[in-house]
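See structure below.
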Amino acid sequence: MSGDLTLTERMRRHFPWITLVSVLLVVGMKDINFLAPENLVNLASDFVPLLIMAVGMTFVIYIGGIDLSSQSIANMATVLATISLPALGVGAGLLVIVAGLVAGAVSGVVTTRLKVPSFISTLAVGGIALSVGQYASGQQALHMDMAQRLHAFGWLVGQTAGIPHALVLALLIVAAAWFIQVRMVPGRTFKAIGAAEPAVIASGIRAERYRVLAFALSGMFAALAGLVFSVRLSGGSPTLAEGFLLPAIVAVLVGGTPLTGGVGGVLNTLIGTMIVAVVRASMIYFSIPATGQQIFFGVVLIIAIATTIDRSKMRIVK
Amino acid sequence: MFELKNVEKRYMGVHVLKGVDFRIDDGEIIGLVGENGAGKSTLMKVMYGAVQHDAGSVLVDGAAVNFRSPRDAMKMGVGMVYQEQSLIPNLTVMENIFLGFEKPFVRFGAIRWKKMAQAARRQLAKVKLDIDPATITSHLTFAQRQLVELAKVLALEERVEGRLVILLDEPTSVLSRDEIDLLFSVVRALRRRASFIFVSHRLDEIIDLSDRIYVLKDGSVVDVLDARHADIGTIQKKMVGRDINTEYYREDRQAPYDEDKVLLELDHVRIAGRGNDVSLRLHAGEVLALVGVEGSGREPILRTIFGMLKPEKGTLRIRGEPMRAFSPARSVAHGVGYVPRERKVEGIASGMNVFENMTLSQMRNYSRGGVLDIGAERALAREWIGKLSIKVPSEYADCGNLSGGNQQKVVLAKWRSGGSEIILLDHPTRGLDIGAKVDVYGMIRDMSAAGVGIILVADTLEEAIGLSHTIAVIKDGEIRKWFNCQPGAKPSLYDLIQHMV
Amino acid sequence: MSFIKEYVERQTLHRRNLLLMSAYGLCGAVLGAAAGPGRAGAVTANPRIAWSYRDRTNPYWNAIVSGGNAFVRSLGMPESALINLINEGSSEKSLADIQSLLSRYGSGVALAVDPNDMPNCRPVVEAVSKAGAYVSTIWNKTDDLHPWDFGDNYVSHMTWSDVGPSEQTARVLFDAMGGKGGVVHLGGIASNNPAIERLAGFRNALKAYPNIQLLAVQAADWDTQKANQVMSGFLTRYGDSIKGVHCASDTMAYGVIEALRAEGIEDMPVVSYDGNPQAVELVTQGKILATVFTNPYWAGGITAALAYYAATGAFKPSAEPHEHREFLGPTILVTTKDAREFKARYIDTNPQYDWKNFWALASK
Amino acid sequence: MNRFLAMDALRKWVPLLVLVGLCLFFTVVNPNFLSLRNFARIAISATPALMVAVGVTFVILMGSIDLSMEGTVAVCAVLFALALNALGGSIAGWGWVAIPGALLVGAALGAVNGMVHVMLRIPSFMASLSLGFVGIGLSLLITGGNRILIDDPLFRSLLTVRVWGFPLMAYAALGCLLVAWFIQDHTTMGRNFYAVGGAEDLARASGLDVGRLRIIGFVLAGVFYALGAIFAVARLGIAETETGRNFMFMSITSVVVGGTALRGGAGGVWNTLVGVLIVNVIGNGMVVIGLADYFQDGVLGLLVIAAVYLSTNRQSLSFVK
């Protein structure tokens, strides 16, 4: 059967990284400095929180849903991490992760049990998380004590041989997520749910549980993203993670995980995040005027999505 | 006059229509028969423009036409009454009747509902259906929807110059006797305006209604019979191409089942939403066929056994153990496997490869601590690819791209390799070609010999008779008659049909 | 193809730097960049000037940018020479854009920045000083962070003490109310520092007016539409007992005035903050009784100037006293009495400022 | 079957019951809530949102989604205001041309959106999200970030003049809603949206040009966004990039809360009216009963979940995405 596929179809799965390389080269043509390894490492490490959040969101989009609560969960996480740091130390990280997991699971239960579409349920749960963040922070920007921050999370802010530890952590997280996706039962089930949910149910799998799990994972990763961001900024505020949501969704979509589910995955998101990072940085390299940046971003986005998404498995484009 | 000359069609390398010649005269009623997979549905799709033929020509009144869409065909007076619902459920009856042809009712941009309702009533009167045209379609019964489908096609009458050609695809399968009589009288009455192509599995109806009968086999027209001189036996023979012999269904391999070992028992189970009570026993090695007309309630029984429906009353025992909670997961854990009719939707997950599909129901066995042992999965897939001679390039092939027969083998391998002892087969040979069917029959015999209990909802009655040890005839959700079906003492088609309708 | 050659040359340099850096890292000074003053790089003859701020949809930031543009023009450069980094309210984007800027121009950057959220200030400053560039900040900074801890690279921080001026506007409001009646406060995004300070000033004024009754305080997130809706809600809840409205920003005051206008209420005393042109216009008409002008035009120019002249070596920040590194910006109370005169002086034309006289308008 | 139908008929009214229930609740806590003046206030805040939500309703009925409204509203608002001021500053003079002009701009943006979605075969979520960025950028480019003030008393009379206690804009919006209802229920186009949303492949098989229909749907949505923009300008007298803010999530939430299904084919503009009122009543009511502002996001979330939960027919849904 593979003989029937046209060249474009076979190339399709390679389009995301080809797009990434092309964008890199285009910016590199403008200024070769851009391609210097340490510059790329810096660029990548700036995007660590966004990457972590996008990786989590990948699971939800992979099963055909959407998670709009990530940003609010990250906001909540920055606050919870900051206020619990003096009492819990590294445990603050654990607390935050559990909080994210719970918030995500709530979205999942509301979506699967109460049959509220994820677009709405996650938006609503995001509102709840935001309220928790605002309440816990006393509606103030908080900052971490330097000594406590170094003691508990010093390992996260340092670098070894020019490689920031946060970047290493992010890559480990991506690797773990990738492992879950391709080598573990939940990942396989997510793929099957995205591809053909009725077949999953007819195979005797409790699909609902896995759907809840996907949302819970997304919530956990969003909290983790908030934690890393909070440690980097050594503080927390219920608005600190503003502006994460749309770039994270865009990163997943540009990477080639369409909203229909079952296609794409964590590695696509890694590439997608890098595309977003490069496109954003390119505005400085091409000296895009302040008022034109949004237009530039939107247009590049359309071009990128038009090239990266695999339409062969979409019967109806909605 | 509507004519097909030497029409050819290939799908993904499969030669579906091989030089078909077909002719229908004005006012004629043509019966079209053939086994599933013989190419009937493709031929009809070519006629009403849903697919384009590769070679040959379609002629209307001697002039070659090229239908690029069903709409083109409609403009030439060719309309289709679908077997599967083609009415849009959330629209009203009249909107469905005039969908895409609303223009005559529009004045100053607004649809004049009264005028449309009147026109719709006229169409409904043709099929003698007395319902409010403003009813939402999803609120109608199956039979009513079928008649609305016909009314929709008959609306072509007012729009098209010249004669109509109307394709009826299995129109009687969900209708009661009265409704069938009504339908037939409507069709006969309309002969002066339209010619009909009538497709049905019910050969008696075909003979009753048609003038001539086209018999299709393996993509070619094998014979054209005059209905006045045709009888069911000869038609059947021509459809299958040989006498329906014992070999086809591997009857030689039908062994008696183990009467002492009851795998599954339904004890006065009341199916949800039906209110009928069903009792049956399935033994190890037994093939139990449920026969009945479409909508008679066979699927709900299967779905109840599989845990997708919760019985309202009664007990369901698996190996003597009464079930308390119902879910597919629980049934699978108790060794029940389900081969669904909608193979592409519920059977295989397209986009996933062979081994991923095979282990979907049994990932627990191929993982440790949640980590999948892909090596073992691949080994399993390779083993079953060999065992069932599944034609795939490798275990990495995407199941969505396999042919129907190979997909079905993958689904069967999924349950067999997982050790399921009770297998529910819902139309397992639907849309398969003869070769693949024979393979599936062989697998059913293998499973039976291995002591697996099978409940079969067959594609055709012949299949049910040929394969099963026991037959339960279902009507209106109840088991009306049991037949013992040992080799040599099998009931005839008529025995069964008598109790079905 | 010359860029390839250029690349190879730079690459050798970079590799050397990288080796040095890793050696440095392995020596245990993992957090080296943050500590240690005196890492200021060579002064640059012609640094790139950049302004990083929240958005362009707000008159306040527009005034900041026009100040920045005026400064750039004063150097004989076209306005396009000013690099605009817009963070859209996202700390993450703020930081990422600044990092990209630094990686493109290295130490040759003079950056003026509002870090958007207080916690974001530290990483921005650390990144800039690591690159050997120069940064001046306004508004958002945590209290434990100081320019003098970063040698010359963290040139200055300017902020505005909003407590006092906000108290003044509140007093104007309470006087207009005749010292009695109910009052509501519409605040900014609750966790923003200015929102907190402006509320504090308002509360201070309340203490002196025992007959003024505080009805409600609610955040309207600096947003005109949200303020409009919150004000309608207040009108339902408190009806005629509202005798005055204290807004934490001009943008919210517009929404409040329109909510009142819809009810046919034209004479409700309203005060606001920021001194935007539209608000000053409304003060001249008496629809707003007072606003506070923080001179964003000057702030936009002078913040860029501080970073620029430090980068060119025109002055050495570390030689300046602490009160020149952290200082308060100007605040001018604009009331109905002086609004016309004020408008002629500051809004209709911008005064000519000497961009080398860094602390000319500083409050202290 | 009858019981099922009865439930079905009842469910249609659930959003309205939720609305009434919320009103009762807020009235009990603070009787001031139940007053003509407060309802007028809710009407004012709901008017622009209603137009935007009605626009997106058409798209959602087809089973697509549109996230470009914030950009489209911003562009329409600033172009409308610029044109009005350039044409003499009053709709009594030539300024009225700005109104059809703005609608035309909305239609054009909708057409671009629809064409990118249909012709490049990009799912509407992504196409419209990207074009939303472009729209916001465009409005920024036009205004340079400045605000444009509208002083025309005739135009502002939409807000200031009251008839039977409600401002003119409420009646104007009602008129637009009737037009939307007419399009939805009495034109071929509107009915075909339902056909596409109900079963796209069957609609295609019946000969509908689904691609063209989708583009028309987006154009229509664009026109209603432009109406929303005009009302938003009328409400505040200011046109700026921020005019489009918050419309995206709020309008889609309103549509779903009103009982229109995101998968398409069910619901309509009356549902959207109820949904918009529910969301605005919650917003107004939380202030009126004096709920602490940091709880408001969470309470809104909980109430939205409850409203959608109550109005969903879960029997007919095997799973929801």
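The chains carry the letters A, B, C and D, assigned in the order they are written, with residues numbered from 1 in each.
Definition applied: a residue touches a chain if its C-beta (ideal position, glycine included) is under 8 Å from a C-beta of that chain, and two chains touch if they have at least 3 such contacts.
For each chain, UniProt lists the protein as follows: B = Sugar ABC transporter ATP-binding protein; C = Sugar ABC transporter substrate-binding protein; D = ABC transporter permease.
For clarity, every value in this text was computed on a predicted model and none was experimentally measured.
Of all chains in the assembly, those touching chain C and also chain D are A. For the pairs A-D and B-D, the count of C-beta pairs in contact is higher at A-D. Among the other chains, the CA centroid farthest from that of chain A is the one of B. Between chain A and chain D the centroid-to-centroid distance comes to 29 Å (mean Cα coordinates, whole Å). If you average the CA atoms of chain A and of chain B, the two centres end up 44 Å from each other.
In this assembly, the C-alpha centroid of chain B lies 71 Å from the C-alpha centroid of chain C.
Across the assembly, chain C contributes 56, 65, 190, 219 as residues in contact with two or more other chains. Multi-chain contact residues, meaning those touching two or more other chains, occur in chain A at positions 134, 139, 198, 201, 291, 293. Touching two or more other chains at once is no residue of chain B. Under the touch rule stated earlier, the contacting chain pairs are A-B, A-C, A-D, B-D, C-D. By the touch criterion stated above, chain D contacts chain C in their complex at residues 30, 32-33, 35, 37-38, 40-42, 44-45, 140, 144-147, 149, 159-160, 162, 167, 232, 235-238, 240-243, 245-246, 283-284, 286-290, 293-294. Per the touch definition, chain C reaches chain A in the complex via residues 3-4, 6-7, 10-11, 14, 17-18, 21-22, 25-26, 30-31, 56, 65, 80, 83-93, 95-97, 99-101, 103-104, 117-120, 122-123, 140, 142-144, 189-193, 196, 219.
Interface residues of chain C facing chain D in the complex, by the touch rule stated above, are 55-59, 61-62, 65, 190, 216, 218-219, 223-226, 228-230, 232-237, 239, 254-255, 258-259, 261-264, 278. Touching chain C in their complex are the following residues of chain A: 29, 31-39, 42-43, 46-47, 49-50, 78, 134, 137, 139-143, 146, 150, 154, 157-162, 229-230, 232-244, 247, 277, 280-281, 284-285, 287, 289-291, 293.
Those residues of chain B that touch chain A in the complex are listed here as 12-13, 306, 308, 327-333, 338, 340, 342, 345-352, 356, 360-361, 363-364, 367, 370-372, 374, 393, 397-398, 400-402, 414.
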